[in-house]
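The two complexes that follow have chain A in common; it is paired with chain B in the first and with chain C in the second.
Then we have the complex of A and B:
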């Protein structure tokens, strides 16, 4: 379990503010992508985020375009997980497939504030912040496998190797 | 306890009984991609594989920028053609075929009870034929090519029951816009949407495709209509493989049931810049605009063109308006040509563009200048989608767009009936 701080945002955080459209057709290295993460929502984020930090948001996180970079840039920034009341469908898939854990917890979404210290117990389905513990439905084994491999492409590579 | 369509269709593929919320791994029947296949090829190459696992399941339709508008797009198409030849992919449709969702349906890959994945968000369209079909990202399409497997979460289901009959001048497009306006663009996030009830059966297949297509604009994973006599009639001449009709059990569990008496619905329009910003057409009646677009994967089928042609016949569109007609496929184009619709359009001063996506995604063939307004039959009106960031997109039925094109301002089509 690694520790981090909470970055708290509201409802309907869309993929445009997570990763602006003007960058989507440029090839960028992960560090460069990270430097643009959440640029149009919170310019402080990219400067101050530390590995292990957690984004906490309201409903429908990641709505809008299907651009995969909106998940990749947060992972590159070292974000340990995104916790939200709900996720837009394609964002949820893209996040898992790019190795970014996305956890659904209405309670955590309601109660956590920016700057709170937080730890995540992925196997136990728990988000821990001081005395407070919030449960999330544990991710299914197949999904955990993809996250542990570091994303779908890596997972697929391993699977292909095993098959050989 | 009974099961929903989606639980059954995915359970058949997973080889076990599944419930909403389960995550399963399945091998879909077909997977669709379009011009984005060149990006997918790039991801696929990273896996270090020589061959795709199941070339016969891959369906590629070039439709987004066809014919190629510049060298970059031309190179994309070339990369795809070479890959198709190298991998022996039998189901490849080049720039002459039309927009992917129409071509895929006409070629009858969309079979009742089948499971289809597409790297396009409007893959939901095949629910019109009783299939389970959902959109996915490019990385997962590459992985699907490599493994013929994908993880899916079995969706909860939102059931929408239709009763009543449409009033004259009101169409499937008005119904789906009304539903999205009432319930919001994330109402069906991650859910299946079943369109049922006597009035759902009254809809033609083309109209069912409008509803299933735009279920994506409510956030849905897939849309669904029960296959019935109309579906079987469509498939009789086209289906190349066996299929089994899958339906929800009467005691299935739904997230919610919405009821719509469609006889109370009047013509609707989605205003800039959100698909759920929906008003009755009468609320924006008289708003001047610059371009009309009739077509796309939402409303470019023969029945749509026929409605527009009926309104435009013997008239001229307003001198200040440019009107683009975009048949959804070559098949639709040919039928429109043989039945005299194209002549009506050209005489009315419309421009016919090549079947495909046309200007729908803002890449070519009718881009808007800053400050311009389009009234379109397509499915998305996000800021800047069809051109400059301060251009505006209104979404409506083919009848509304045709009537508006005649007047040069947004117009209730019922006065042209």
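Then we have the complex of A and C:
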């Protein structure tokens, strides 16, 4: 389990503020993408985010366009997971396919605040912050497998290599 | 416990237990990519899987419908990149002559009741019209589906929606789906599968079902099914696939997340006003709004019946001189029917511009874009700002679009 700090945001955080449309068709290295993450929502984020940090948000995180970079840029920034009340469908898929854990927990979303220390027990389905423990429905083994491999395409490559 | 339709279809394609809320691995009967998204699917595939074979080339297709034939160099390059990939792997391409991919899959008998299909089209769930679980996905997902023939999916909860009463005779399936958008918005069936019941929807044929199910995406739903059907639909579907039409039905004790009743008694024609497909008013409220152009087509209203309805209105009338009416059949088969049944001639004589099959104006396709200050009335499914250019787009049925193009302002057939 790695530790990090909470970055707290509200409801309906859309893909435009996570990763601006003007960058969508520019080819960028992961670290460049990370430098633009959440640029239009919180300019401090890209500067101060540390590997292991966790984004905590309200309902419908990742709504709007289907751009995959909106998940890729957070992963590149070292974000350990996004915890929200709910996720937009395409964002949820893209995040897992790109290796960014997305966890649903209404309680964690309500109770955690910016700057809280937090760690996540993926297998046990627990988000731990000091004395407080919030549960989330543990992800199925297959999805954990995808996340551990670093995304869907990496996961298949490994699976195909093993089958050889 | 009993199963909903979506649970049944997914269960038939998965070793995991298909209970709503659970993420399962699901086998795909068909995986497809179009000229939008397709080139990135090819890129991802070649980068990650090199020249290794597809899971099953006979179940993998390209369908070019968005910019067909290509009218920009970028699209020409992208389509050719897909064709080259298809040749190397022996995949069939439904090329730029064929029309809207989801519709072609139905006509080819590939989209069958109970089957699972993914593609790069966000309106792939229009296939719910024929009891098939269709779903639009991102490029990474589709590259993976090409390679493995499977995908992961969270089994959605289901909502039962019963339509009560008989709408006015001036309406058709489009008015129903617009009304649905108004009533359900983007919350009530969000991330869920919807099952629609009631005499009004039961009686819909294929074209009406396609229209009705095509705007579930605009309501943030996963898919919509109309489980009950009449002999007309069964006959149409049998002609396409050569097989008896037998869609899944829900168990009596299936568990629904919500159950809604909508009264459509006497429903008048509906019009979605800019900037959202769910901001819907009755025709009476927007009657008289001046228009510059009309569009009949799209995956929502591109079937022969849609153009036949417009032709009834345009048979003895002309499109107003100041108005452009653009007509785009959904598929080559529809185009052929328009030609053979004299509908094409009627539309031509009325002054309409009839072009080859495809998607038309959605996502900067080839026909149906608006300029700044232009007001369009369209049978399409989205009128978000910028979706069809810089103008303002109203959404309505083929009858209302045809009548409006005669009047030069928003009107119904009874106003002419």
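Going forward, the second predicted complex is superposed on the first by the 164 of 164 C-alpha atoms of A that agree within 3 Å, B and C clash if a C-alpha of one lies under 4 Å from a C-alpha of the other, contacts with A are read in each partner's own complex, and residues count from 1 in each chain.
The definition used in the following text is that a contact is a pair of C-beta atoms (placed from the backbone, for glycine too) under 8 Å apart; a residue touches a chain by one contact, two chains touch by 3 or more.
Note that this is a predicted model, so its numbers are computed, not measured.
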Clash or fit (per the criteria above) of chain B with chain C on chain A: clash
Touching partner for A:68 - first (chain B), second (chain C), both, neither: both
More chain A residues in contact [chain B versus chain C]: B
Touched partner set for A:153, first chain B, second chain C, both or neither: both
Partner chain in contact with A:59 - chain B first, chain C second, else both or neither: first
First (chain B), second (chain C), both or neither touched by A:142: both
Partner chain in contact with A:93 - chain B first, chain C second, else both or neither: both
Intersection of the chain A residues that touch chain B with those that touch chain C: 66, 68, 89-90, 92-94, 97-98, 140, 142-143, 146, 151-153, 156-157, 160
Chain A to chain B touching residues, read off their complex: 12, 59-60, 63-64, 66, 68, 86-90, 92-94, 97-98, 140, 142-143, 146, 151-153, 155-157, 159-160
Chain A to chain C touching residues, read off their complex: 66, 68, 89-90, 92-94, 96-98, 137, 139-140, 142-143, 146, 151-154, 156-157, 160
Chain C residues touching chain A - in the complex, by the definition given at the top: 21-23, 25, 44, 48-49, 52, 122, 137-141, 143-144, 147-148, 152, 154, 191, 220, 222
Residue ranges of chain B in contact with chain A within the complex: 22-23, 25, 43, 46-49, 121, 135-140, 142-143, 146-147, 151, 185-186, 189-190, 219, 221, 382
